[in-house]
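Next, two complexes with chain A in common: one pairs it with chain B, the other with chain C.
Let's look at the complex of A and B:
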């Protein structure tokens, strides 16, 4: 099988359009995940017991099933209780939950690794426990959180390929469609791979830039 | 404080301890390790929760939690053995974070006051370094400045020089001595008997979770009242 430039260019416009969708879903879900993970992690550490219990159940449940099941749950099961999402927002919601759940444990273990002296210093100054965690401990833990978090978030981006099962027009879905419509295979697959590499590469670059800023 | 009791399992760290401090008084707490010295001062701002007993500061009861405890902690400074500076923040931000976040003080005012405090602990030239770039003695002086930034009515020192090289102990003790001379109420847990003799208004000796002796320095050292204290002084002053 040969790879032709003409075919490569032919499938490029629809794949680029699909890449925009993958990027949109990834950026939104990663952003939401990063916003909700720290409070969830702190709730799991110091919240009242119902909050600790609820977060633990969520974390264990979501971590225990494949992301595909989470997507199917949001798409097919939530409408039963009146929550209906289209494909795009199903992707955002499901990947937000998946990303947040993995981030919760990373945030928690990073904060716990700081040692109790930091917490005591913040409390002794007069921070409430919640504010000590959010304003003193979490910013300090960021440096330890970033590398493992980047790994997990890269997995979340790649999990967006699973949205093809509910016909979201992201890279994988569009790519498969193109293969069956045009019988151009290698050019599509190679381009899909390059697009994912670029997207995940951007995340890694962003994370490294952040790490450098946090270096101390 | 009245009847403060704290146990860890079967071990009684504090056994119904009573202690009073006058405003402006400098109290040194000494005793063998495990005698409950650190636990005692950590019960004052409730970093340890005593099982029973009552702590009152300026007539106000220290509650078990909530807004009152937080308000009280803002008026009681604490200095730790391991400094516990916030490593991700430059020295000046370590000092301003309390006044800015907890008292709503403006950036410029907080910075001006932080510089003044750093001058007091003789570190004004280090304001923009990170804690990790300072020596232990310097870090501990920053920690003192950080606590003073909240304008406390009482300062607690939990073995402030125990983690320091001998040469750095003096620079920290000098700052504490000066603070005492300026009228700050202080409770200092320390093994530095030279400091105790010079700076303390009163020294108490703890053993097995109880205060077994307490006296002004001269009487404490020259005329020890309790056999366990005599043995302790012999051991630490004996060479």
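Let's look at the complex of A and C:
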């Protein structure tokens, strides 16, 4: 096994292009996940029982099966209900589901970690349960949500590699194709690994900087 | 949804489930001693030492890259070095490579979470470092590792599904094959998910049992 710089550079342009797709998909998915997770989390905690039950089942089901199963489900389910997306947006939809269920638990445990006193104080002041959660508890929990969310971002980036099974042109799919087109193997695999390390590293550093900003 | 079809799929997925179980449990049995052992070792090493740096790099690479890339590495790179393994063992190797990395981190964090005072107390009553590690530190660290290791166990089972890309006919690959034969994805994926769920939760229940007994007896220290 030998690694040559020429081959390494030869496969670089397509892989870099694919890296952009990986970043776009991961960031978009986590952003959508962050939008839908808080309402789901609050519904799971104080919603009427059918809502609590539905959210719990969704979260436990998605967490209990491999992400590949969720991706396959979304891939087949979207066209079946009449939504035809291209590969990119199908991938975003699948990763949003995966990211959102983990984010629901992050939001829930952050709110629960605040201690009973906050909730009791809000209720004693005459807030309704919903307003207590939305206006008192959730804003305080935000600070505690960010560190585990950074972790979740790394997980979403790594899960995005699985979208290669539905032919999304992200790093893994493009890299896999390159191996068979060019028969350059080691250079492609090493470069894919480096790209993921760089992406995970950069995005984690970014969100940690954001964390520090918001901590004040 | 057709219950007769679902029952048929349920039965047809049993042999692939067996392969998933074999892959995950074999990988677990190999990865846990390696990972926890190396992680404990890492916790006792100075950060600047060469061994510590190599271990840190390994953990960094495992945690920073998707399992899919690690599987590609084993599947494509290993044969190039002249080592020819059967597909099953390639799958196990990829899972071990991945899981050991995470478990190193679990053990390191567990050992480091035991306060310095415990080391100092052990030293004060005349224990050397390896004695204090075995009799004082590890029993306390083990209880803190139990939860994360259990979590890693379910991650490992879920990661085994990715081995479908190297044509190992495990649970996910078999489900895909059934779907592409008849396109009834809802039923097949629900049954597949059910099997993963049953497998993961059975192991989690067993692990919780062990964990409970472990802490009820006050940990390893009092069992001696």
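Everything below uses one rule, namely that the second predicted complex is superposed on the first by the 205 of 216 C-alpha atoms of A that agree within 3 Å, B and C clash if a C-alpha of one lies under 4 Å from a C-alpha of the other, contacts with A are read in each partner's own complex, and residues count from 1 in each chain.
Quick note on the criterion: contacts are C-beta pairs under 8 Å (C-beta built on N, C-alpha and C of every residue); 3 or more make two chains touch, one makes a residue touch a chain.
All of these numbers come straight from a predicted model, not from anything done at the bench.
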In the overlay, answer first, second, both or neither for which of chain B and chain C A:126 touches.
first
Going by the touch definition up top, name the partner, chain B or chain C, that contacts more of chain A.
C
What is the contact status of A:135 with respect to chain B (first) and chain C (second): first, second, both, or neither?
first
Let me test your reading of the model: by the given contact rule, A:215 touches which partner, first (chain B), second (chain C), both or neither?
neither
One more residue to check, A:197. First (chain B), second (chain C), both or neither?
second
Return first, second, both or neither, reflecting whether A:61 touches chain B, chain C, both chains, or no partner chain.
second
Taking the superposition on A as described, I'd like to know which of chain B and chain C A:77 touches: first, second, both or neither.
second
Determine where on chain A the residues touched by chain B overlap those touched by chain C, and list them.
none
Can you name the residues of chain A that touch chain B in the complex?
117-118, 120-128, 131, 135-136, 139-140, 143, 214, 216
Residue ranges of chain B touching chain A (in the complex, touch as defined):
45, 47, 70-71, 73-74, 76-78, 80, 82, 84-88, 97-98, 101-102, 130, 132, 146-147, 150
The chain A residues in contact with chain C across the complex are 1, 61, 64-69, 72-73, 76-77, 80, 154, 157-162, 164-165, 172, 175-176, 179, 185-186, 189, 192-193, 196-197, 200-201
What residues of chain C sit close enough to touch chain A in their complex?
60-61, 63-69, 72-73, 76-77, 80-81, 157-162, 164-165, 172, 175-176, 179, 185-186, 189, 192-193, 196-197, 200-201
